[in-house]
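Paired with subunit B in one complex and with subunit C in the other, subunit A is shared by the two complexes that follow.
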Partner chain A sequence: MLEVSPTLSRRSLSERGLGFVLLAPAALLLLLIVVYPITALVWNSFFDIHLAEPWRGEPFVGIENYRRAFEDARFWSSLGTTVVYTVVTVPGALLVGLGLALLANMPFRHKWPVRLGLLLPWALPLVFSGLIFRWFFEYRQGIVNDVLVRLGVEPLAWLTEPHLAIAAICFAIVWKSSSFMALMLLAGLQTIPRELYEAAEVDGATRWQKFVSITLPMLRPAIFVALIFRTITAIQTFDIPYAMTGGGPGDSTETLAMYIQKTTLDFLDFGYGSALATIMFVVSMIATSSYLRYTRRSAGRGTGG
Partner chain B sequence: MRLPKRRAMVWLAGLIVAVNGFFPALWILATSLKTETELMAYPISYLPAAPTLANYVQAFTEQPLLRFLWNSFVVASLSTALCVLVSACAAYALTRLRVPRRDLIMAGLMAVAMFPLISLMVPLFKVMRDLGLLNTYLALILPYAVLSMPVCTLVMASFFQDIPEDLESAAMVDGCSRVGALFRIVVPLSAPGVFTAAILAFVNAWDEFLLALTMMNRVSMRTLSVGITLYQGEYAFPWPLISAALIVAIVPISILIALFQERVVGGLTAGGVKG
Partner chain C sequence: MNALGAVRVAILSAAMAALAAMATPAIADTTLRIFTGGQQRPDVMRKVLDEYQKKTPGVKVEIEVGGATSEAQQQYLNTVLAAKDSTLDVMLIDVIRPAQWAAAGWAEPLDSYLGADKAKVMSQYLKAYADADQVNGKVIALPYFADSQFLYYRKDLLEKYKRPVPKTWDEMMETAQIIMKGENNSQLQGFSTAGAPIEGTVCTYLVPLWGMGGELVKDGKLNLDAPQARQPFQLYGRMKQAGVLPKNIGEIPTDRIRVDFQAGNVIFAQTWAYVWNRLESDADSKVKGKVGVTMLPHDQGGKSATCIGGWQLAVSAFSKNKAEAAKLVRWLSSPEVSKMMAVLASNLPVFPQVYKEPEVLKANPWFADALPVVEGARSRPVTPRYTEVSDAIRSNMNAYLAGSKTTDTALGDMKARLTPIYR
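Entry: the complex of A and B
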């Protein structure tokens, strides 16, 4: 024992050393691109910083920027719009994604058209999806109004009437995000053992009964993970409304992320922008921590994780 | 009687999923082949009456589309290379070496994966501005490499785990060092995992918009995702032109996805569901 332990501990020590060396580049990059900027973000949010007017200096203003946000109508309206997008598109994408996953789980002879049909929307840049749907919802030449007219309905001013613009944007977000959701749910569906369905069939279960008592419960971990993923990205919605309406008409479709971007880059009001971005950061981290808590717990139980 | 009906249902299901995925791209393709006059016609036409490539020619001449393509390619490939290298090292350390607090490191990585980009963009803009890196490739390569790091690390870690540790031990008994074993045994055997991670990182970088919009304000440094928004005028929206540019931008990434679809699906679900 006495002879073995020194070599063993030396080996594990060198392994540990190598481990740290291998982790160092990742840690360094994280420090430079994430940890330092986020620290600077919170720090800057307590100062009055105007990038275009450096002669004004950068006076410390305490929580003034946060107080200003509290009284800023545009902050609240952009936050409200973000909440609307989240509340509509999270369940929307789940329902559409679940539908697509169930359809894609059928026994196809050729799998690739279906798989590619799910992958393409995922691979399409968000901002391109926004542009394409802007084209779809165009008043005169858009295909949506064309279909409406053919059905004998009056064409709608999709992108210039606030409520319709929000609806159109939600539609585009659901289309774009439901495919990724479908892919994750499909992976979950494929882990459900066939025997469960066979046993249910022997017991004379209907299709609906099988769905409710086998598919849904077995899919629960995948659904939960997909929902949280979607929620976290919905809070950050930027590209699709940016491409479809630019936040208009007025500020009616503007999200918090868009308002932060405008405050910082167009108005160059850096201190205030930092405070808004800090608020966004805190909200997202609350959502993320609930996700991490869930995956940890399920990993401990040996399911899902 | 039952069998053909079932076959028809399977067909229909496949058709719905495929149409849902392909339709927007196909519609843009049809638009890109129409002339301005045909586009203005009312009611609208579905298929181009006299397909023309004029919009593609104009898309390349009106804006430096080739330059946008090149910028996107440079940024995406270099950030992918950096990301895969760094993530491979991290994934190896986390799966094979006795690194303390492994769970905490993994959880930290996942938290980074879900960071709000907008919150990162604000201070990062100032960092890059102060470093004089605005309008350089580095301003996008570094953040993109970091943003894909969590997914790539998770994907590669799940592949490393499947390689039997005995193989490595055997190599080390034969006089190979740890690092030698990493490059001679683990990396070749986990090539599919490394490749999957690379595709995911590449697509992420190719698609990113917010940072690209922020870090590059010189037209010649724009990447595709931002460059395409430059076709729109103050009031006019030249749809045939934008459609042509969109098709040019979508084709490379679609080919990549089509060729390696199984890999991509595997990687996505490994990073997500298995997480």
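Entry: the complex of A and C
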């Protein structure tokens, strides 16, 4: 048993106490902003809450809202549309972001214009990007159709034809999110020691071999962090489709987040909306934990070797 | 002084400053806040409110503008009202809203503020608005201005090609085709109406349905199995095939029709009364003096039908100045203000006698024929779940116009969504 002098133990206790006191505001904030809303959300999903019909009260309905969701065609179609956006824009933004990061990593005399160019799309509010691209793809006055007409092609109904609308929205989302990916990957690129490249050159490696054998493996952690962020935001896609098409034509470009907004803020059906939001939360958690499990497994493989 | 002491002093000084601010004597002025939509001419409302401020010293009225379309405004107000926020005292609401507002308890019933005058006041209005604004015997709102949809046409083009003003949809399509062929202008659209998934698109479906003798709801039951339910889709299908409907009709919200018409790119348009004033007075209007307004076309053997619109003034149930707000609402809903708005913004009056005032007719010559149209205008479904009904109709009409659903699918989906509401 270690002999601890009384003064030492008092100091270590007050240090721990100080630690708790300093952490307390952050913990309280987290509780207020994260834990309480999520608990309230899940709690509400078990009740029937119609804010525009107060005479119905708020009866407990158990898992009725979830059963309704599984039988709701519009829930499945909006989930499907969300999956489409995720599957297209996550790799899309990664590829474009990687390209931009590699470009930005090349030696420039003045680094700041490149950094600024990379930063601007990310700094632009999502709704602004949505509105800007809505005007780009507008049928009569958009520049995309203007270019097509000058090339002798018939103008396309970008925002009113369902497949074209999804393509246009994906384009806007990739443009917006690739800059964030590029910034994260650029940070990762800059941590790769130059000696590795020099050693590879001495061994006679080509540019492609250097990229595949040095850059990509060293970038893995940065790629995973960027992918996690991008995937979670992709599951929550709302602003850009909302600003560009409002979910149209019909519901074909409506995402799960848009359906939740419509159910809660338009129809004021908070019980059902909370159930849908909880489902979205669970989907996001599954996606995140799969990523984490994959990284842990591959990291284990790497060191275990 | 140590750190903790400094913090104590800072908190104490802040508290004293707050107490001092609260202790200053309250200003005698009452400030009312009125919410209106961007499309409802807040600039004209400002002029009207300045008159009120002049004659009612001690009351200031501020305008808050929000929402580019009716359903966007309602979505914003949903949040404010669900939070029982007291910032807004008076709200401008669409004619379709009083039923829902009464059920949800968002509007302060005005019966006690009208007192003994209630019967007299309500009898002065056009019957449709007196009926729309009274729910279960309680006055939920007072009418601000009336509205319904009309057919706007380019009289210069009709004269050029010697075509009469069309009375039926088929005549309109034929005229549009002749003019489009003759003008050979790729920007010229034959017929424009609301097609985006917004509130106005509900009328795009209902107007042809009513014109063909159909009904959405009959005796409280959904009536979409009747043959007329398909006909609005078929009508727009024929228009598309005739090349008369613009290809991007699925993108067109209400105000866009006006913008395109003002730029000279539309021959016929189905839209509301406010457009007239902008076409005739805006500096950049290319169609000044070239516009005619008439009843909407009907089907062969049918009668012209139109959608009732118009905006009402409701006092928020959560306002802190209900009495003052009710006084403001009564003044805004008066023949004197109705005349001002008819002249300044071509807003249709809610009082029958104002239609005949010479100043009003000078600014809007077509108002002489508008009164019977407004009196015969039909209202959209009255239900507390109107937002869901509207969404079902407008999103399927939008899907059909954009070409992503066939008539059967669009009608089937509309039925599927409306049936649980009308059970």
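Please note the rule applied: the second predicted complex is superposed on the first by the 284 of 305 C-alpha atoms of A that agree within 3 Å, B and C clash if a C-alpha of one lies under 4 Å from a C-alpha of the other, contacts with A are read in each partner's own complex, and residues count from 1 in each chain.
We adopt the following convention: contacts are C-beta pairs under 8 Å (C-beta built on N, C-alpha and C of every residue); 3 or more make two chains touch, one makes a residue touch a chain.
Since this is a predicted model, take the numbers as computed values, not measurements.
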*If you stack the two complexes on chain A, which partner ends up touching A:222: first (subunit B), second (subunit C), both, or neither?*
first
*Once the shared chain is lined up, is A:32 touching subunit B (first), subunit C (second), both, or neither of them?*
first
_Under the stated touch criterion, name the partner, subunit B or subunit C, that contacts more residues in subunit A._
B
*Is A:274 touching the first partner subunit B, the second partner subunit C, both, or neither of them?*
first
*Could you say whether A:128 touches subunit B, subunit C, both of them, or neither, answering first, second, both or neither?*
first
*Given the touch rule stated above, what does A:88 touch, subunit B (first), subunit C (second), both, or neither?*
neither
*Determine, under the contact definition given at the top, whether A:41 touches first (subunit B), second (subunit C), both, or neither.*
first
*Scan A:265 for contacts with subunit B and subunit C and give back first, second, both or neither.*
both
*Determine, under the contact definition given at the top, whether A:140 touches first (subunit B), second (subunit C), both, or neither.*
both
*With the two structures laid over each other on chain A, which partner does A:170 touch: subunit B (first), subunit C (second), both, or neither?*
neither
*If you lay the two complexes on top of each other, which residues of subunit A touch subunit B in one and subunit C in the other?*
51, 138, 140, 265
*In the complex formed with subunit A, which residues of subunit C make contact?*
71, 74-75, 78-79, 82, 100, 103-105, 187, 196-198, 246-251, 384-385, 387-388, 391, 395-396, 398-399, 401-405, 410, 413
*Over in the complex, which subunit A residues touch subunit B? Could you list them?*
12, 15-16, 18-20, 22-23, 25-26, 29-30, 32-34, 36-38, 40-41, 44, 51, 100, 103-104, 106-108, 112-129, 131-136, 138, 140-141, 143, 146, 149, 175, 179-180, 183-184, 187-188, 221-222, 225-226, 229, 232, 235-236, 238-239, 242-243, 257, 260-261, 264-265, 270, 273-274, 277-278, 280-281, 284-285, 287-289, 291-292, 295-296, 304-305
*Which residues of subunit A touch subunit C in the complex?*
51-55, 138-140, 155, 157, 159-162, 246-252, 262, 265-268
_Complex interface listing, subunit B residues touching subunit A_ = 9-10, 13-14, 16-22, 24-25, 27-28, 31, 39-40, 42-44, 85-87, 89-90, 92-94, 97-100, 103, 105, 107, 110-112, 114-127, 129, 142-143, 145-146, 149, 153, 178-179, 203, 206-210, 213-214, 224-226, 228-229, 237, 239, 242-243, 246, 249-250, 253-254, 257-258, 261-262, 264-265, 268-269, 272-275
